[in-house]
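Chain naming follows the written order as A, B, C, D, E, F and G, and within any one chain the residues start at number 1.
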Amino acid sequence: MSSLAQSQLRETFELNIGPQHPATHGVLRIKVVMDGEYIVRAEPILGYIHRMHEKMGENRTWNQFWPNMGRLDYLSAIAYNHCYACLVERAMGIEVPERAEYIRVITAELNRIQSHLLGFGAYIMDLGGFTPLMYAMDEREQILDLLESVTGSRLTYCYFRFGGVYNDIDDDFITGTRAFIKRFRPQIPMYHKLVTGNVILMDRLNGVGPISADLCRKYGATGPVLRGSGVNFDVRRNEPYGVYPELDFDIPVYHECDSMARYMVRMDEMVQSCRIIENALNKLPEGPVMAEKVPKALKPPKGDFHFAVEAARGTFSMRTVSDGTNTSYRMRLRSPTYSNVSLFEEASRGMLLSDALAFLGSLDPVIPEMDR
Amino acid sequence: MSGYFKEIITGLKSLAIGLQITNKEFFTKPITLQYPHESVKMTPRYRGHIELVKDPQTGTHRCIACGMCEKGCPTGCITVQAEKREGVKGKVLTAYILNFTTCSLCGQCVENCKPEAINFSNEYNLASTRREDYIFNLLQKLHPEGVPEPEIDPELLKKEREKKEAAKKEPAKKAAAKEGGESKAEEKS
Amino acid sequence: MNPSLFSPEGLAGIIFLILIGVTILGAIIATCTKRLIRSVTGLAVCFVGVAGLYYFLNSPFVAMMELLIYVGAVCVTIAFAIMLAEPDEARLARKISGLSGGLAAICGGAIAFALGYAAVNGTWMAAPAARANDGSLKMIGESLLTRYSMVFELISIVLLVAIIGSMALARGGRREE
Amino acid sequence: MLTLSSQLNTYLIMGAVLFGFGIFGLLRRPSLIGMLIAVELVLSGASINFMAFNRFLAPDPTVGQIITLFIMAIAAAEAAISLSIVIAVYRNYKSIEVEDLVELKG
Amino acid sequence: MPAEQPQEAAAPVEVQAEGEGEGKPKPKAKKEEDAPPRKNGLIETEYAKRGAHLDVQINPDQVVSAAEFLDGEGMTLEMVTGVDWIKENQFEVIYDYSYTGGQLLRVVVRARVDRNKPDIATVCHIFGGANWHERETWELLGINFVGHPQLEHFLLPEDADFFPLRKDFKP
Amino acid sequence: MEQQALLDLLYVAAFTLCGLGFGFGPLLIVYLFSPRGTRNLVNKTRIPIECGMETIGPAWIRYGIVYYLYALMFLAFDVDVLFLFPVAAVYNDFPGMRGFVEIVLFVAVLSLAIVYAWNKGVFKWERKVYQQQ
Amino acid sequence: MNELIRLLAYMLGIAAFLGLNLAYLGWVERKGAGHFQRRTGPKEVGPYGLLQPLADGLKLMSKQLVVPTNADRPLYMCAPILIMVPSVLLFVAIPFGEHLVPREFNFGLIMMFAFASMAGLSILIGGWGSGNKYSLIAGTRAVSQNVAYEIPMLITAINIVLITGSLDLNEIVRQQGSYIWNWNVFRLDKSILMPVSFLVFFICSLAETNRTPFDLGECEGELVAGYHTEYGGMGFGLFMMAEYANLVIGCSLTTVLFLGGWQCPFGLFPGPHWFLLKMYFLIWCFVWIRWTYPRTTFWGLLNLSWKYLIPFSLVNLLLTALFIKVF
């Protein structure tokens, strides 16, 4: 980097943001070359909690790989479960009972709300406001309690199974979920009043970190990042899986392309998730929650299979190359934040440090998912 | 210039709204649970570490030491030790060791268990500074006062003894008997 | 003649001595350290002492302004400037040594001695019998509004020109890049 | 010792000492900012003299104070200007040391 | 999930496929499974079974032109996957393209390189997002992306001199 | 010196001592009671914090031209205050508009510094364009 | 001699007052934060967590003083002490009651500003001396901010001087009279912008004490812990204590200049209790604000001062000058 400083005759210096930094929510390291308060180059450096999940996929049997799926994006684990379940079901041709599909959608959307709540709280905390995090945490706890009562764990769910779900939901869960949504709905306008409308926050987010739709496309950014840039793309709508086609919901899209747009997409998605859950609860059919004939020893046919779902942070997709044995020959996990953060380097050039961190927060990275 | 003042006024208004909201929250009851003094009730489905189920009929576990949990475990954190005893049908469980430090609570073992001998416990506030404290012998946990001896079926015992006698007499058959894994106690590491 | 040590006058005398010590210490730090930021700190310390001296000269307002302007503003500005352009420390350490330092010390000492000698031995006119006023803040204000009003305005222009000029200078290079 | 504060000579000598330190620093410092710091010392030495005469000898004690205030203002302006010059010099020559500047000129 | 017709018509042009239009749905796919070193060309796969609409096998030197073509069509590079086919002594690089602008279309582009000399051109300059994916693939499998601006260690420690996803990797 | 001023001085001095006590006292207590050694296993106790990494380059960076500009403006206004205080103190006792006119002129002239800075975009923090490295 | 006894008594009194405040403002803040966030705040140590400050203090005291290797040792050690001294010193001039004031200085107002301005340099020294880039950047920002907000504060103070014609804090309080409409906030007869002026002063004291939303000097989102990143244990403790001391001083000054000090709003029983009531109310507002707003950016902060506060205070100054002459 010294060559850079010499070649341009500019007083630059290098700064580490991370791996142990309050703003990076984990062990992400960003090596920043700065010119005063401005960023000349910000290079994200990954790998601090790299676990080689892909190799694990080659060594573990299909069933044994389940717990890994909860440990990628620990904040929206159910979407990842969903992807893996659907992938293997696609490969094996397993039909899933309808009730199980509905339960999948309900839990996945609850999980999405939970993830966005934490993302919202943590983002505002990045910007220095601590209180909204606590309010968000309060709501999040309610969701965790609900999910715990049905899945048995609070964070790294391992709830889905090939051909259905592990446990049926009971009436307590249904009434609890309805009560939660009733309670949660008025909270979002409260957040908007407390946080979004705040002039300080608007100053910090409006126009900060612009990403054009084309940049998103080039970098494969998905999820709220893409929808904040005005592209109406959501896997749930464009490549429907589960029972999403039967449910009624909108895809929030903002055209401002800035951090505020991404933040607003997340906030609106929570409302839409509430709608989906209510809708699904109303339509919830009776019946079994597991497919009847699921072989104990899974051996999908040879060939490769791909499946994509909409996780809280964007398109999560898996590609597995099966060689017909009880383990996969190659397991590839495409995590949304990996692509989203990869555009940070290009998009943050020339930003102020504080803006860059606000921008990074608006990408809502979850580090274990990036490092895999 | 009017924009300048409008900015100030809307800004101040938004700030006042924020203050109003936090003020309202200030007078609502806190939701904190004073953890060591009070604790939440766990839902029945809570997945703590696994434990052996006590069969109300026999008063002991139902494990047949088939080893399915061991095979299904992704992290290999379960070790089942069992031996063959004279006069007892099947294998006798001597130790069921769970290395909780590597357990990921996925539930594969519980699903794989045919006789439904293991289940999730509701224990969640485990704390220790030593690693060894998390290597549980579940059998001991089930029977802290001492593992009851399995009942000996006299008929089976008689049969087995007879078999042994026969085996002694016929060394040629010995190997075959061994292969079946019935006559010798099986040790697992 | 000498006041007792624990009377207010005596304590004030002790404080005065301390202030002189602080001033000289500050001056030493300001001139003799290698790192410029330490020099600035020394300068600030020195100014605190000088402010104390002003206080003893019956002008508390000037003393306070010395603190406000010099310690609070000039030193901070110098410190910012140092952040923009501090020379290499190692090089600096090499440069300040030996002959030039000695020469400078002799030179400075000689000047100080000569001035001090002249001051002590000089004949000053006698103190006036009656003072025109007590030299308080109100008096300063009054003269600023009457006798020195032109200067009062001029100084604002001088400041304006200085600030605009220095801003243009400091920013100028940036635009070239 | 304790009555030093009411003697003119004390202040005059203090002024001279500060002035001397200023000159010493001015000659010794190789860098422009260091020299500026020394100049500030010189100025405050002068101010002390003004204030001392004002206190002990002047019939109208406001004048000296006002002069000192003006010195402060001018010193501030001077500091601003000279620091900016230093920064401009630094930007162009990558050095604020007098020697280097002399070399660069030739 | 219908595949877009114009896409399909356009795709063969750039891949210079030998067996274009061999889009028989099921039996073809099955047959193709049995013979892994597939011929170059375009196959229309059944989306519900595979998760992709089009499957294109190309030569390694056609990767860039394929990327350029798909970029022109407004598609996104979703991920780059490397597979170690140790039996055939080949590496396969799989590019997953998808279309985010409207009607869904997923295109899989595959290229195989020799395992002893795993060089393939980078598509970084076309899709910026490929940078990290290719870097990761290089790091984990040792496939050398020629022209990549920064083939440095990324996820693994800086002193790692092994390729963990290779099938002959022994920890 | 007058008695009044002397006492003022004494009070200030006494409270300065008090402040020094508040400053040094806790440090002294720490010096007496805190452990001397440290469990310095990897010899990293005393390295500067940079988010867990080794520091890149020197810590004393050249930094912040904009802050310097702000400081310059501050300097001007601080001096402004220097003259306004005495004037304000006697302003009430002075009949006539002369004082008012003088203050207006003084403030107006100095305000030009802000106007200049505002026009020159010192207050603007826009994104810069850097070439791709 | 009497004077000396009085001096000693006030010294001890202020030390006790300050000590209690430094200890319990932390408690108040945490308790307040808790309740603003649906939590309870400290609760375990003593009843209502009242012994929490003691526990905190013990923890800070038992920590080792670590000086980083490439810190500038003397500057590093000086900074926390230097920042503490003016904060304590300034209590000498605060009129708690009409007769309960350590010392009435007839230049008290300038003294406050003069000594307070020294804090900036000590922050800079601390930031520089740490030998850490974060500290240096944050120190620069903090000083820049202190400096920027000193101007509107001073101009507003000049405004008060224009109205009262005095620099003596107690005299300023005395002149404000014993009814709420006589307080400087509501002296609309002197300038119709006086409430705005109060707001400006309040915002400035928020910024001068480096508190959220203006805590750019310690913005943990960007620069880890700001200028005291390298300080641990008591070094950090001193910075924190100085912050609280500055908080008390800032609120006291606002009370004195605008809210009538020890005067009662309705003319009954003026005394120190009113002063403390008003001061603690302001402190509570600081806490309230801190736990409501996110942090501004440093440029937004600097611009707030230069674009809004300074023009406003200047206009107010001129307006006051005009009103005094006209009416």
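Observations on the structure shown:
Throughout what follows, a contact is a pair of C-beta atoms (placed from the backbone, for glycine too) under 8 Å apart; a residue touches a chain by one contact, two chains touch by 3 or more.
These numbers come from a predicted model, not from an experiment.
Interface comparison, D-F versus A-G: the higher number of contacting C-beta pairs is recorded for A-G.
Distance from chain G peaks, on a Cα-centroid basis, for E. We define each chain's centre as the mean of its Cα atoms; on that basis chain C and chain D are separated by 6 Å. In this assembly, the C-alpha centroid of chain A lies 61 Å from the C-alpha centroid of chain C. For the pair chain A and chain E, the distance between C-alpha centroids works out to 25 Å.
Contacts with at least two other chains are made by residues 8-9, 12, 40, 56, 58, 60-61, 65, 68-69, 72-74, 76-77, 80-81, 83-86, 137, 140, 142, 144, 155, 159, 162-163, 166-167, 170 of chain C. Along chain B, residues 15, 18, 21-22, 25, 31 each make contact with two or more other chains. For chain D, residues that reach two or more other chains under the stated contact definition are 5, 69, 72-73, 76-77, 79-80, 83-84, 87. Of all residues in chain F, only 7-8, 10-12, 14-16, 18-24, 26-27, 29-31, 33-36, 38, 45-51, 55, 59-61, 63-64, 67, 70-71, 73-74, 77-78, 81, 84-85, 88-93, 97, 99-100, 103-104, 107, 111, 114, 117-118, 123, 125 touch chain G in the complex they form.
Residue ranges of chain E in contact with chain A, taken from their complex: 1, 29, 32-34, 48-52, 74-79, 81, 83-84, 94, 96, 98, 100-104, 106, 108, 126-129, 131-132, 140, 153-157, 164-165.
Residues of chain D touching chain C in their complex: 1-5, 8-31, 33-34, 36-38, 40-41, 44, 47-48, 51-63, 65-66, 68-70, 72-81, 83-88, 90-92, 95-97, 99. The touching residues of chain G, when paired with chain B in their complex, are 32, 34-40, 43, 288-289, 291-293, 308.
Of all the residues in chain G, the ones that touch chain A in their complex are 33, 36-39, 133-134, 212-213, 215, 219-222, 224, 291-300.
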